[in-house]
Amino acid sequence: MNTQRSDTTVAAAPAAGWAIELEKINKRFGAVHANKDIDLRVQRGTIHGIVGENGAGKSTLMSILYGFYTADSGTIRVNGQVQEIADSRHALALGIGMVHQHFMLVDNFSVLENVVLGAEDSGFLKPSLTRARKELNRLEQEYDLEVDPDAIIEDVSVGQQQRVEILKALYRGAETLILDEPTGVLTPKEADDLFRVLETLRDQGKTVILITHKLREIMAITDNVSVMRQGQMVATVKTAETSPEQLAELMVGRRVLLRVDKSAANPGKTLLEVQNLVVADDMGITRVKDVSFAIRAGEIVGIAGVSGNGQTELLESITGMRDQKSGTVVLNGKPLALEGDDGAARARKAGLAHVPEDRQRMGLVTTFAEWENAILGYHDKPAYGSGPFLDIAAAKKAAADHVKLFDVRPANINLKSSLFSGGNQQKIVLAREMEQDPDVLVIGQPTRGVDIGAIEFIHNEIIKMRDEGKAILLVSVELDEIRSLADRILVMFDGVIVGEADPATATEGELGLMMAGINKETAPRGLGIAEQGPLP
Amino acid sequence: DPALIYDLGGKFDKSFNEAAYNGGQAWKAETGGNFVDLELQNDAQREQALRRFAGQGANPVVMAGFSWTAALTAVAPEFPDTNFVVLDTVVDAPNVQSILFDEHTGSYLVGVLAAMKSETGSVAFIGGMDVPLIHKFYCGYAQGARAVNPDINLIENYTGTTPAAWNDPVTAGELTKAAIDSGADVIFAAAGGSGIGVLQAAKDAGKFSIGVDSNQNYMQPGSVLTSMVKRVDLAVQNALTEAADDATFKPGLTILGLAEDGVGYSVDEFNEELITDEMTAAAEDYKAKIIAGEIAVHDYTTDSSCPL
Amino acid sequence: MSARRPLPRWADIALLPAINLLMAFLVSGLVVLFVGENPLHAIQVIIYGAFGYGDGFGYTLYYATNFIFTGLAVAVAAHAGLFNIGGDGQAYVAGLGAIVVALALDQTHWLIAMPAAIIAAGAMGGFWAFVPGWLQAKRGSHVVITTIMFNFIAAALMVYMVNRVLKPATTMAPESATIAVDGRVPQLRQFLSFFGYSPVNLSIVVAIAALIGVYILIWHTKFGYAMRVLGANPTASRYAGISNSRMIMITMTISGALAGMVAINEVMGVQNRLVLDYVAGAGFVGIAVALMGRNHPIGIALAALLFGALYQGGQELQFVIPGITREMIVVIQALVILFTGAMEGLFRPSLERAFMLMGPEQKTEAIAVSTAKPES
Amino acid sequence: MDLFAILSILDATIRLSTPLLLACLAGLYSERAGIFDIGLEGKMLAAAFAAGAVAAVTGSAWLGLMAGMGVSLATTLLQGAASITLKGNQLIAGVAINMLAAGMTTFLGQTWFSQGGRTPPLGPGGRFEPITLPFANELAGVPIIGPIYAELISGHYILVYIGFIMVAVTAFVLYRTRFGLRLRAVGENPKAVDTAGISVVLQRYQAIIITGLLCGLAGAYFSIAQGSGFGNNMTAGKGYIALAALIFAKWKPVPAMFTCLLFGFLDALQIRLQGAQLGGVEIPVQAIQALPYVLTVVLLAGFIGKAVGPKAGGVPYTKER
């Protein structure tokens, strides 16, 4: 139905011509048919959005265009010329650059080295580095993309890393820039900066292809948008002629509720209390500075903040993964003994469940079958075997239940976890943690990289937990998400809770100011227990 | 056919096992007979090899090396009609001939020669694996050197403590260089395959070395002073002939010493320039006295000590 | 561009290895030809020597016993993400425990001496692996280096112990006193005359028990689960509340104790005394065995049997064909490792293509399941 | 200890550390490119044999060296085919190479020379001779500096000097050239390299070619410089020690040099400490022999801390999950 319309809406060759034309692209990974007969045309000098559920094949398609994968069949035309893009070198030569969903940076290299890698001028590095430094300076000024060329990648924020990726592409003279979920890890401010850059690029006549799950971004910045579902291209429309609701329906194949629907909170007794927590990171730098707050049964407390302000360390410390320097975490009235490298086990036993920020690195063992991941962290429970033995049948039973309850697709508990799409991986983790019936649930970035269908589902589950009387601590860099889920918002800046806000009344602007640490003095210090000491 | 089994060093070690092999070859040339032989891969194969050869009718079965004790003790009673000959160790069974060598007396003589040749008053010994048998070499050598020069400085080193020490010319060479750096100018190598490194290093530094087991004088002509020969070849050759026939087979212990020419020092065209008449005379004198029992050379293996 | 599809499971675990093994023998055959011998005859001799008669098969099993232990040692550590190169040293040092107990108890009965020696050998071998494990867990010293170093240290220690402590004054060879008959592990030939004089002994029962034990440990216990989490993703294991440092130490200890069982086979079952260097590289063969066996007990049992057969068949080859030296056997073993282990992918593409041609409409369902097997 | 004794030890240190250093640098190229290499031992052994054999037959050390490097390279390419092209397990490939070399060298040696696997002793010209640096003799008389220059710095085989020059070359290549940048990148994050339009496979092959050549130098050192002819298993585990040194040095060239010197020094010391007394009691020789290894462990535990290798090491590069 929709393919029809795609032809009528943007059929005639536009004045500026087609930058990219893909025809009947097919790609299989083993048994997975990731791209089926895909057609896509991108007009030069526009920003073209691509949306679709997790695993719809967006990244695969773009990787084919970028020469990282080779299509099994199909044709690619760049600027009207048929091209066999054999590798990324070729794509780069054709003026196609790509910023991958997972950054393609060498962690222990400097920014400069990363930019130069693969685009060196000569056998010796010196001249290339000198030229790149100059060029970076120019690009930085032109696009207002500030980075320290000598900083080491692993030391800089993800936002900065992304700038490096963009600079890498621009340095190579990209005319068409592909961005795969660029805002998944960005703060609102960083995202705004990025969009400004993209608009500048468009104004200069460059072409941008933007993959994102956030329909708001699509509506705000793209000229045209294509929708993919289960390996197929289902529609391409002019952004001006569509609506988020329509896009969502195209993506998922059913109506999606884009707003969270929740009743007012009904808080009970205090379940989690964090008192004067001080935590250092791996390098020994203090990241959490005397943080105190409490969460009561039946409420969701959101922690907002620009990433890198201590949220990660706070979460890891509360959940027993990271030793604290001082302070106490009290759960259900009892202090938790969290020190040692198995603190997480004790936290869980006491009734604290944890959905980590980074599911692939932490929340899952990607080489394990789904059912094995369904008991991660809870494998010691008597429910999964008596004494030292593991009751595989019980674990599989639990996995099957999770899969059913959370609609994990494919519903195959024997499948290796890495073969699930990001959204489904997230559901696997959520199911595991929520189904243990914890008193307190700590969730980091619940919907990072997750498609809107799944987001709707995840948000509903979180609300459901709250309504069952659990205490929920939610950390997210998505201000929207915090605002729609949380009952109270704590804003964290530089390791300190700088203020508390009511999601119903606080505006995005106010929150943004607090997140930037502006009103440190004037903002209310918030909760009762936080009154205990002066600011450090 | 008779069988000959070498020890782990392998049959071409330029030293002990090779001497046994040469004995076999000499026997072959002499009698026109044929023998089967085998190199071991590991210790576990010893019993297997013995049973295999005895079982297929080889007689006699000759073994070279002190590591055969346990295997032969186990297997000999199983094959009472087979004659076994073992070199360098003693196995007490009615169908076993054990052949030992008086390495200490032979070493004594090369010690005499070394001390007389030395200008620095310092001589060295580089042993292979650190085991009592090699200490026996050293102890004889040391006594001989002290007999000539009571003040002589003795340097004693071993290439290692595992069987790999028999085959480590690099370490042996380094030990030699170290010994030379501390003043030694004659170095006795009782180190199996590692000895090559000693001979080479001595040659490179313009010093003298002493070979072992086989006559190694040819290996670095002009630098190898002499070799402490242990006539394993003769012993093997004789064993192959005598033990084949129960009439001539001599079960029990046979000791080959200076008197039997079982051990000694070698002089040939490669080293006659190096050994003066005076040195020959002294060595022959000591040899006669030892044979006559006037000089008792202490055997390290009797009490694990070396009184000097 | 032809899309390739994964092989059916049976082809993956049986056909492909068989082809690779064949390839290894083919190349070995060329080497045999090079020395002017008949390769077919050589293969015949190897197979006959390894499996053809009681004695030979007994020897095959005796070697395989060692390789099962060292293979399991490597595999257990590998599941926890640790590369234990120190099997040789661990097995060597375990000999101390075995000999001391065996000599102390050899007037009693093997039913008493053997279990006690198993504990002692396991403790010594385990300790020798625990220290590198502890250093890794607490000090971050790379276990690969420390286990290599511990191999060398073990060699020095054992020479000292054998020469200076355990050797009776009267013996020339560097070896301990001999264990009295009552204290020795019984030989299988005592029950089955089929095995002739071969040294295969009851240790093989311990080996089989170890195979089963490791299987249960890794896939059917909570500890094994935790081990595999650690091996696959140390961050996730910390997230799961698993104490990584404790796991590393315990796993290394188990690994070392398994390697230490070689001492039971060698010291109490075969040599009846402690000799120098009795491990003879079995620890290193264990690496190959574990890798070839995909760290799975069944694979390890098969790989150990293969290597046992190569050792024994190779020995036979030397007896029968004098032109083939012991090094030739090492070459054949190396080629087997190369083709079945490192170059196992050599024929995969062609095989996949062959399967595509044979049955183009493979059931995707079956394929999805086959790729889902957790890789170990 | 007088100056002479110290110089003697340091001199031996240099001699003993050279093959370690060459092998360690060889490993550095391969491991920095993401290929774990426990096959250093086998490659050195193969090279030692080839060098010894060719030098014995032709009487030319240089031809021997070429042969050693050639054979080592061929062996490396075989290993590379297994672990890069066929994406096989890198550790198994290394183990196989080690065994293959151990068997083949002795086997071929026996077949060709009938000396139990040894190659015939080398005549003059077949072996590298120590090089006397300019003015060594003239300066020898100068106090302190003179002996140091004449004994310690001068008078080594050419391969020794090549080894130490290679440290500087490697540091330069690694940190100052395009090749080095790509090499380091491909061992850390091959995907980043691939998406930057560089062939991961090609880059890795280039790296191991250098590994092969350096192992060739190291192996030749054993048979035609330090020794005179090839002997069975003559590398005696040095490949493993070199690997340990590489990890110890955290995969960096200059630290690698110091580590190899340290290991060489301990080895030299060990040789000279035999029969040493401590408080009137003779230290067991085994204790002294174990010293370098014990010290390595202690240093590693006490000072070095966690050695984190190139992140992509050991994993064959595939695009598909």
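Chains: A, B, C and D, in written order; residue numbering restarts at 1 for each.
One rule holds in what follows: a residue touches a chain if its C-beta (ideal position, glycine included) is under 8 Å from a C-beta of that chain, and two chains touch if they have at least 3 such contacts.
Here is each chain with its UniProt name: A = Simple sugar transport system ATP-binding protein; C, D = Simple sugar transport system permease protein.
If you're wondering where the values come from, they're calculated on a predicted model, not measured in any experiment.
Across the two interfaces under comparison, B-C and A-C, the one joined by more C-beta contacts turns out to be A-C. Distance between chain B and chain D, defined via averaged C-alpha coordinates, is recorded as 35 Å. Look at where the CA atoms of chain A average out and do the same for chain C: the two points lie 45 Å apart.
Averaged Cα coordinates give chain A a centre that lies 76 Å from the centre of chain B.
For chain D, the set of residues touching two or more other chains reads 110, 117, 286, 289. Chain C has residues 156, 159-160, 325, 329 in contact with two or more other chains.
For chain A, residues that reach two or more other chains under the stated contact definition are 30, 419. Chains touching one another form the pairs A-C, A-D, B-C, B-D, C-D. Contact residues on chain C toward chain D in their complex (touch as defined above): 31, 34-35, 83, 135, 139-142, 144-146, 148-150, 152-153, 156-157, 159-160, 164, 284, 287-288, 291-292, 325, 327-335, 337-338, 341-346. Per the touch definition, chain C reaches chain A in the complex via residues 1, 3, 5-6, 216, 219-226, 228-229, 232-233, 235-236, 238-246, 364, 367-369, 371-375. The touching residues of chain C, counted against chain B in their complex, run 55, 59, 62-63, 155-156, 159-160, 163, 169, 171-175, 178, 197-199, 266, 270-273, 275-278, 280, 311, 314-315, 318-319, 322, 325-326, 329. Of all residues in chain B, those touching chain C in their complex are 36-45, 47-49, 51-52, 66-67, 69-70, 78, 88-89, 129-133, 161-163, 301, 304.
Against chain A, in their complex, chain D makes its touches with residues 175-182, 184-185, 188-189, 191-199, 311, 319-321.
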